[in-house]
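The next part holds the structures, each set out as structure tokens.
Consider the two complexes below, in which chain A is the common component and chain B and chain C are the respective partners.
== the complex of A and B ==
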């Protein structure tokens, strides 16, 4: 491994002494999930609850000339009908980001203009879903249909229809040219770098509109409680941002809003949005009744969010020996009709992707344009899957051109321990960021272990392809991500002790199904020296739990976990202080484990947590409790190596992934079983991104395939053999050495598969998803002479 | 349209409900408080609303409630024996097969039905069964492992139990 210290090995002794962290414990919320407990947003009956429905725009771009709701209002069972005339006009973003949100404030609760098929025209609340649906049909709307622009390459052209011509939107980069955001950053001088290079490679790549497809669609229930405060029970990743945004949009004080996040049926970034809460709240206020809005599956596909489609131009300059000297990525992306997460997702496409290579010269330029298409937003990977598809496919091409094993190319060029990534310093969350120092790096071991799993060395040399039309190949990709947004993401936690020696843990962190409640409980239990059952967690309730930005940017384990560890350490000090009194021993000779505080000296005195709790409460009159806030000024990257073996049918173009090996460096895996689950889930979504998933629009901007039959996600039978490897390192900035894991593995499948296809049949596919027809077309256009001969001799 | 009476058994309990003729079984079950039956697509594509109808898995979004007249329904709420989890539920927890949990109920029910038919299923058979259940969280590897582990445990237990079972018979 080039003599470098490729990563810090885990402190084995430390690991052995840990009783809860690093263990495969069951999910703390698992029992209610396997028994069908009423745990999700919609699992409540509220007397008098109405059903809300949104009237979606049938046009991609139109002005509402006239809207008449009188017939809808007159329908028996209808309690509220809202149009833009009835609600406050507050420009905002639906992106659930820290204030001030870097996304353009270009969205309105309801507007007199609609900007995509599915945009809100009106909303109703009625006594049943059927009545609500009937009421929607009774709303008379006269549209002035405007020319629409759906092709992102046409959006900036002179004469293109202006999508945001309203004067009150803010933070739009150039509304006249439909540019939501623009980014240009450079370190060193790419001009100089390319001049120094012996070879320059430049290619264009395209990526598609992918949908999150949480099995639980977006759902929100709003009501006024006995104090007339607005309660919002909602499937969100960002309860606190949601509270702030809804209060602003509905023009009520934050203190009058109470957001409750129950169990969430998957988020993946799609619920890092304030999506239904504002309109549902408005309907509840208008009707003075509880109101539920639940997207149907079809609505979820085009009225929720998706991954930003991009066109990427990647250019790299290398020395003869394969050393990368300069890299440049130029991106055109579309955010659809509204700029949710527009500059931040695209900023990541540069800042988290280019620094994987140690080039001295890097340049990233990006235009994010509006189109009259469904809105893009946050999606697991957050701009990285697009960027890594381009970069890792180009790198493979360069290695092959130079006659190098792609593994060697990576070994020589990738970022390593002790390196500082300067591009991140220039590209923060919508502003200047902070430099990233690599304090832990298991990437070399990730590569070696995943390569072994796939049988790289042997299979790169020879695969038993013979003359068959089924040809095998192997490919690889290396990727990284962040762990929280440096200097922006922060979290807090609060702990209090109960009479039985258990602890209530309150965190604003939002478990959306990935297991945050379990991991945070493990961190608390480990720090307090109690067993996991002694920690009872409440998460994501703005009335009860302290602040947290929410579940995004791979931040929960490292940032919220950091807050929990800090709070638990403070509570532990209080416990030890009292124990010191009870045991007549100095604090520095005390330790706690397994629900007991004991002296570390030979005398072996001890007191149980329960006895100590009773002493605190009824003798000392002391509530043992404390809280803490936490943030980091750096975002330690988790690393990942993805290796794929594919089989390509040269007669049909069908690509079958035979085996996918993923090795990830997450720092310490607080719960290895859950960490593996994060990898495998990300890989499944990455496989769909690579091969099958795309939300298609027709020429009028209408969704073509908004259902699970026509939008193909990987099912249990479609999955290849998966190998999941955790390469643990010890991250100094993370609780117990943890970084993050949930996003990084989604980046690798697409480039690894594209590279394996090249290895198998010698064609480069630079567009996602890689459909059989694309492979077949490429095979006919680019079939290399030797392969042609081989096939002819059959 | 006139409401109608529905007589059925849910989780061993004999029930009489008043329903509207066009109502889906999914909607009626949820209205009656069986929230473990999930609404994921309403088109029979995702499997989150699966229940066992006389022991066979069906998507409750594709069936009129009226068609359940006189039938036995098992929902995920009826799988555990009081406070004691079913071995399939234990296996899902122990193998990390539950993430968000929204698809879990349907998977557990279908898996139980599979083991009734095929006590010793192959991985292929397990995957074929799970193909009716979309999961966006797990990548299916851990659910497959959980079902295979539960099957293996059930066979071992059955082997140990055999003499007793014979006596009872």
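== the complex of A and C ==
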């Protein structure tokens, strides 16, 4: 917490009177989390519960010729064994998106074909995990092994094996060529733009497969309640989408499904997915017993989801003075064996990245291809980390080539208050979108404050590098994101008053650990004029709480928060109406704060929320309650500036990040401490993305490093000094001026570090993660031999 | 993991441990800290024999030698005054590089050797110190040089034996004597991509009198760079010699490529870390490098 919260409420009208919003209140669910209360999915035991286990495909691509489960079924303690023969065949996507999902419907509960190592072959439910594992071994499968394609550059080639040759899948762009999705959008004419440019730069970049690594792997418990309805207690970011999708896949009415989202041990997008709920539900229905499936860490690595690897070609045309006139991004991405989030993630790579610069001409083209690899999906940043790595590294290169300070280049070219981003209008959630108007923008201030924190001006000029093999450098990147999907994401909230003047707040929103329950309670309390302890929140339970699309697209604070604010305002008017009667004063002369309703005139009359509640319930016979729905037609961008100082060991290629300063404009920070926590978490994942994290596959498509000894995340000891700065602005479309914060800071570390490496040692690394040996190879390649020798002899 | 395990024993002495190991008929497995055994999770194991209560946690002097019991933990090696005094604290310093604080509270020196990993961080400093291990089985107790043991740590030959202690003979000492341990990992808690230990004794005229260089994770087992050691004898340690040694070491290692690093990278890092180790040693003895 060393942020200098520049520009905070100070100068904002009315901010002083806020009692709950903008304050560092404690997490409303904090105590049960830190005391080990029964909070998470797996913290309960349902009597009679069985262990479910999935038989993963050992082959990257194969047809199941024969499958015999009789021995497995005969094993004592086994209650259900399912193969594709036992379940309905409903093409669907596992992407937890609003209906109709823009992702291809190319997935089946179980299928007679397997498309990656880890794909579902069969599932069992047994009395113990050991029995379930033994049963899996007893399932006899005869595979016809098919040629597999693992390299995305070969997926579209003639003669490549067709991964989705089944006729019933839908929404696949070109199944014969393994193209899940294709995007082409242009603003202006890049051809004309490049013709007008004095300099044109074009480079290729590569990004890797990163896994979310949530501390809690995917886990689901399903059972039939006393009314034989299917209850699904699950680690999900999208309880409502999950309910709809499971009902469709299992072919039961939505009304027969009850999804409960308890506390979640991290989602990061990996749980914006209907992943285990369908198969776990099918096992519960087949065995008529409660069933739990929990991924092991190894399974989580390759049977859950990961970030889409991409090959990006970025081209920019600039004037002699550094003004960007045209930019073009051409992307090849792979979604793995199924198209979950395929076009939407990749759409973001264009629509949220290119418009950072005010070029009149922009073009984005992308092929998303199938390969026989683990499935990619939603992941914090949602396509932006890849795009910004390319764009911000190229921009740094251009600035350096033109002899400009990258800060100046950014200052001159980045999107400003009042600008309209037209690319977003063309590129929405799998369809045409809506134009984005920038109504709040703290980006210039973000740049200035993070630059100051890192000591930019002085360090760009001179660093104490001397003759040592350790060389320091500083680099920067600017990034943005969205706040909810314009015109798609929507949420609702419901509030009712209790006898003691407290309120029940019911929201469909899904707190996945990021603190939504706290922030939404703060918004309700502020609006109602009560203290935070008077708001009791229930979230993410499809039987109790009203609809919400779920926790994704940085939407919860702005969209669900907007619904809460509306509902609370309605309830507040009911409260004031009754108070007006009780205090004999007109409503417009009433206000409430601190659990009291009082007159604003000189007479100073007041009534407590408790007395008012008793009056309402036992005299007026009135339940004070109301609900509201909310959506936005625009997605206000939060902005971020990331500045890094690194130290490169020129003999080993090791890169140590010394200091990382991140300044973010989240609109209003409803809870600054939580906001800073989100920045730091995003930065930790961004550092791993930049330097160490990559899920590797061998030539047969098997995961090479599905464990934490071999897949390296940043640990506490690896973290650099962090400076986190909140540059608050007032967003007209957000509740109390809030936008979003949890995704945008993940985009900056990779390009900022790559640029700092260039500043330190003069080599450009265009591939992630930036491994020591890649740096060393680049140093050997780019450094003249005499300089090398000179260094050696020092 | 360990689904076939029927019994977990905690013998109170070595004799009992050996008897259990014998009666396990090849399906028993010794556990010390468990930080390798549990990760491995070998499903053929039916009996686990925990030796941490068998009286093997000690650091003693025997004559001029230091003797370290097999179940002495990395944390104990780090904190021990005797270890901090031995060879400039080489073993304490290397132990500090093993995993996280949590791992070091469990991980034992014996386990680090017996696991037979080419990357074991304690192997290279012990090779530099000319250490031996004492092996005990139902019939005999014998001492063998660590290098010889490491070459076959996980073979049938030692399957029914216990490593009971590590013996470190009195190392060369005096003013002209220095030690270094260097490790490169991808993050703070990581198995070595390469590790190097070195020991150096210079005579009064600054010539190399005695030298040891050992490298880990660059060959099937932790190894001594004997060729490089030979080349140094009797010579003044200057930049030219360092470059020569670096090149020689790169020739002596035989690394593989895996998910952590490529063979070429490991080879290059072997010479870089060797040079750094020798530089650290010579800096301490006031050499003019």
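Here is the rule we go by: the second predicted complex is superposed on the first by the 772 of 794 C-alpha atoms of A that agree within 3 Å, B and C clash if a C-alpha of one lies under 4 Å from a C-alpha of the other, contacts with A are read in each partner's own complex, and residues count from 1 in each chain.
What we mean here is this: contacts are C-beta pairs under 8 Å (C-beta built on N, C-alpha and C of every residue); 3 or more make two chains touch, one makes a residue touch a chain.
Computed from a predicted structure; not experimentally measured.
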Superposed partners chain B and chain C on chain A - clash or fit: fit
Touching partner for A:692 - first (chain B), second (chain C), both, neither: second
Which superposed partner A:42 touches (first chain B, second chain C, both, neither): first
Which superposed partner A:709 touches (first chain B, second chain C, both, neither): both
First, second, both or neither for A:102, with chain B first and chain C second: neither
Comparison of chain B and chain C by chain A residues contacted: B
Chain B versus chain C as contact partner of A:529, first or second or both or neither: neither
Which superposed partner A:264 touches (first chain B, second chain C, both, neither): first
First, second, both or neither for A:651, with chain B first and chain C second: second
First, second, both or neither for A:717, with chain B first and chain C second: both
Smallest separation in angstrom, by C-alpha atoms, between chain B and chain C in the superposition: 5
Overlap of chain C and chain B interfaces on chain A (superposed complexes): 709, 713-715, 717
In the complex, chain A residues that touch chain B: 24, 26-27, 29-40, 42-43, 45, 212-217, 263-266, 268, 294, 296-297, 512-515, 673-674, 676-677, 679-685, 707-709, 713-717, 719, 722, 724
Complex interface listing, chain B residues touching chain A: 31, 33-43, 45-46, 48, 75-77, 79-80, 85, 89, 92-96, 98-105, 108, 126-128, 130-131, 133-144
Partner chain C, residues of chain A touching it in the complex: 130, 133, 651-652, 654, 692, 696, 704-705, 709-710, 712-715, 717-718, 771-773, 776, 792-793
Touching residues (chain side chain C, partner chain A) in the complex: 3, 39, 100, 184, 186-191, 239, 243, 259-262, 264-265, 268-269, 272
